[in-house]
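I am attaching a structure below and will ask some questions about it afterwards.
The letters A, B, C and D name the chains in turn, as written, and every chain counts its residues from 1.
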Amino acid sequence: MNKLVRGADDAVADIANGAVLMIGGFGLSGNPENLLQALHKKGVTNLTVISNNAGIESEGIGVLLAAGQIRKMISTYVGENKIFEQRTREGTLETELVPQGTFAERIRAGGAGIPAFFTPAGVGTPIAQGKETRDFDGRPYLLEHWLRADFALIKAYRADRWGNLTYRKTARNFNPIMATAARVTIAEAEEVVEPGGLDPECIVTPGIYVQRLIQGAAYRKPIERRTIRKREPGQ
Amino acid sequence: MNKLVRGADDAVADIANGAVLMIGGFGLSGNPENLLQALHKKGVTNLTVISNNAGIESEGIGVLLAAGQIRKMISTYVGENKIFEQRTREGTLETELVPQGTFAERIRAGGAGIPAFFTPAGVGTPIAQGKETRDFDGRPYLLEHWLRADFALIKAYRADRWGNLTYRKTARNFNPIMATAARVTIAEAEEVVEPGGLDPECIVTPGIYVQRLIQGAAYRKPIERRTIRKREPGQ
Amino acid sequence: MKDQDKRMLIARRVARELRDGYYVNLGIGLPTLVSNLVPPGIEVVLQSENGMLGVGPYPYEGEEDADLINAGKETVSEIPGCCYFNSADSFAMIRGGHIDMAVMGAMEVDERGNIANWMVPGKLIKGMGGAMDLVAGARCLYVAMEHTTHDGGPKILKQCRLPLTGLAAVNFIVTEMGFMRLTPQGILLEEIAPGLSFEQVQAATEATLLRSPHLREMPA
Amino acid sequence: MKDQDKRMLIARRVARELRDGYYVNLGIGLPTLVSNLVPPGIEVVLQSENGMLGVGPYPYEGEEDADLINAGKETVSEIPGCCYFNSADSFAMIRGGHIDMAVMGAMEVDERGNIANWMVPGKLIKGMGGAMDLVAGARCLYVAMEHTTHDGGPKILKQCRLPLTGLAAVNFIVTEMGFMRLTPQGILLEEIAPGLSFEQVQAATEATLLRSPHLREMPA
């Protein structure tokens, strides 16, 4: 068993026009940079992208958006992207906005074989329109359905050859749950080791969820909002 | 913030007759031995216990069962316990048997604010009686409800003073999810360190889920089925 | 009062609500100011819904890490005892009622505790992010906002006019004019900013305010 | 044939179904034998539903660890590349269709692929453990069992008589008499044990067996 493929181009070779993709990351943090670049280069179009955000103009998913490769976004917040705004006004981009907790839980449900569940988020809001509402213990909840994808593109920190993955700090975000919810999960990692090279207690994504793996390279890791504090004398 | 209390007796002091408890462990592996002992000593009765198994006669939850402290068990498999059988025949013990995946998911749902969800497990079986069945994508699923408790008794491996927990091997089992689903979660750990003493990437139960913590002692860790292989010469 | 002074006044008042051992989620903008105002001698753990407990202050210059951001996408730091988890686990924590206190801004709040803070019809909709889940899940929701709009219009209404973020979700409203508690009877003014009369606060509010029998001056 | 020989024959046949990279859940009893029969040159990862991928063989004497057991509560060992997770994550893995192959015993299987293996009315009910979830969630379910009961009665029935564990769940049945595939038309006998005739297998079976046009001898 060796899930390591040659490179990003090979890894995305069978992603066809019209595919439904989950793409990990929160803003630009934890994006699968190498896979996104390969997807852009491949020129595949008409994609449905399930991702928390839409990147910015020149980074992350924003690059696919700018190239007109995306037909529909399922996201929770898309505020940082002018091209997003432009495509929406043109009518060339469809968007489904989902509360972030519901979005995360729908993805987890997709991976966990739970076709639907009840959540309190969104009751009494425009999100509730057309959805079943039911009371439990006197409180109203909405019925929400799972999300699944053809491919998930995942950014890990370290991986072993069997596809076991760890993440780094808040770059973890949606990556582990998206890994569970696609027919084919493709992961890129900053470092790839042999099985046994990761602490079994600290593996976040078991290899069972990963079908293909690449060794990532040349990570840019852009920062959206660089906030700092001044060093006091003596610190 | 210091969640460390003096000992097991203090930790269980406010568990009253009739309380609903979740108790971690799979068989005798990962049981909160110190807390169980204190609960037994305290003599509290009429308990509802949510735990995967019922222990064996002289170990684990079996001790509470033998002492007549338990009124109802919600479990997935109770085969190893003769006292269980006896109490059931006497009619002094009520039992609700739940498929293990549904059991785990109901507990997770209790912690995650999901009052109900659909699962394929149990469709067409006696478990489905009286439950809503609904088709999604042409396949039938059962509606199952969350499980929550007054107290969860949890066995961890290492803990910090804030209640962050790690586990050891398959002693993890139901402990992390039960920690999320009770009004008060009481954890015991083999080792307690200062905040910062556990790797933030490897913490399994965030401290937010733990209200009280004790340093466990004198772990017996009984083995139910000691299976071994012979060492070949030279191994 | 200058905007910045109002904001600091509000943030300081919210910070007085913090208790030792609280797990707190602070929204983007004004609520973030609260993180620098934790009273001495207590430990508070900040949650960021992108998957972290134990968010620390902004990093020192040169120590920014693209893999370590808060839900506002700002670079942050770690405190000892912090931990990381995925987004589903993060919202399980929020939805499951484990966050002691959430603080967020609002465009409108009404007498029933309804809150609107995510969309204005006709304007491009950017998305609700985690607001609907926080509003539905936090054990105690504080709205921290300026009392009126920039052109002086009321934000505390009889009934919200904008599409809602959540129903009957708000527990407390903190503005530069006062500290208010949502009760089954309506909005109870418990504290009033120095120098203001009840009538002045009511005049800036569309909702009918209830006057607490123990109405006192809002501490600075 | 002795019981132990039957069991080994069945386990060996099941083991021939393993493919490199498969994630496999083996039930208690007969199915556990399969773990020692993985064909050379392939890597298979065993899942144990109490929260482990990469279950290794029984430990050497003196290396037993109470914190390291399989779902049958037997002490086991680790293989490199193993990992641990909680019970909800374990069954999310099972229910979500990520297990390539599950192997379990049964008391009854029928023409529609229904399976019964958890309770006998009138006897004390011990519980279903994880069987209902495995039956509903595994991508491919193999039933590995002796062809008949101890007193020679059929276990492969027209319709299960015992309370079910799952509906239309079984994909393959492996017994000491043959290898059977569940099809929409019924149970297709694809392989037959050396020395047996189709009629002999049918005689030991209540369900009507379909004879594969490619019926061949079951490899040992």
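As a convention for this text, contacts are C-beta pairs under 8 Å (C-beta built on N, C-alpha and C of every residue); 3 or more make two chains touch, one makes a residue touch a chain.
None of these values were measured; they are calculated from a predicted model.
Common contacts of subunit B and subunit C?
Of all the chains present, those in contact with both subunit B and subunit C are A.
So which chains are sitting against subunit C and subunit D at once?
A, B
Between chain pairs A-D and B-D, which one is joined by a greater number of C-beta pairs in contact?
B-D
How far is the middle of subunit A from the middle of subunit D, if each middle is the mean of its Cα atoms, in Å?
36
Which whole number of Å gives the spacing of the CA centres of subunit A and subunit C?
Inter-chain centre distance comes to 28 Å.
How many angstrom lie between the centres of subunit A and subunit B, each centre taken as the mean Cα position?
So the centroids are 33 Å from each other.
At least two partner chains per residue is the criterion; list those residues in subunit D.
Touching at least two other chains: 78, 84-85, 91-92, 94-95, 136-137.
So which bits of subunit B are touching at least two other chains?
In subunit B, the residues touching two or more other chains are 105, 108, 112-114, 119-120, 167-169, 200-201, 204.
Chain adjacency by touch: line, ring, star, complete or other shape?
Contact map by chain: other.
So, with touch as defined above, which chain pairs make the list?
Chain-chain contacts present: A-B, A-C, A-D, B-C, B-D.
For subunit B, which residues count as touching subunit A in their complex?
Residue positions touching the partner: 105, 109, 112-120, 134, 136-137, 139, 141, 145, 166-169, 199-202, 204.
For subunit A, which residues are in contact with subunit D within the complex?
Those residues of subunit A that touch subunit D are 1, 3, 108, 110-114, 160-162, 164, 180, 194-196, 198, 200-201, 203, 206-209.
List the residues on subunit C that touch subunit A in their complex, please.
48-52, 57-61, 63-76, 78, 84-88, 90-92, 94-95, 114, 119, 124-133, 135-137, 163-167
How about subunit D: which of its residues touch subunit A in the complex?
20-21, 23, 42-43, 45, 47, 53-54, 78-85, 91-99, 136-137
Going by the contact rule at the top, pick out the subunit B residues touching subunit D in the complex.
26-30, 52, 75-80, 85, 88-89, 97, 99-105, 107-108, 119-127, 140, 157, 167-177, 204, 221-231, 235
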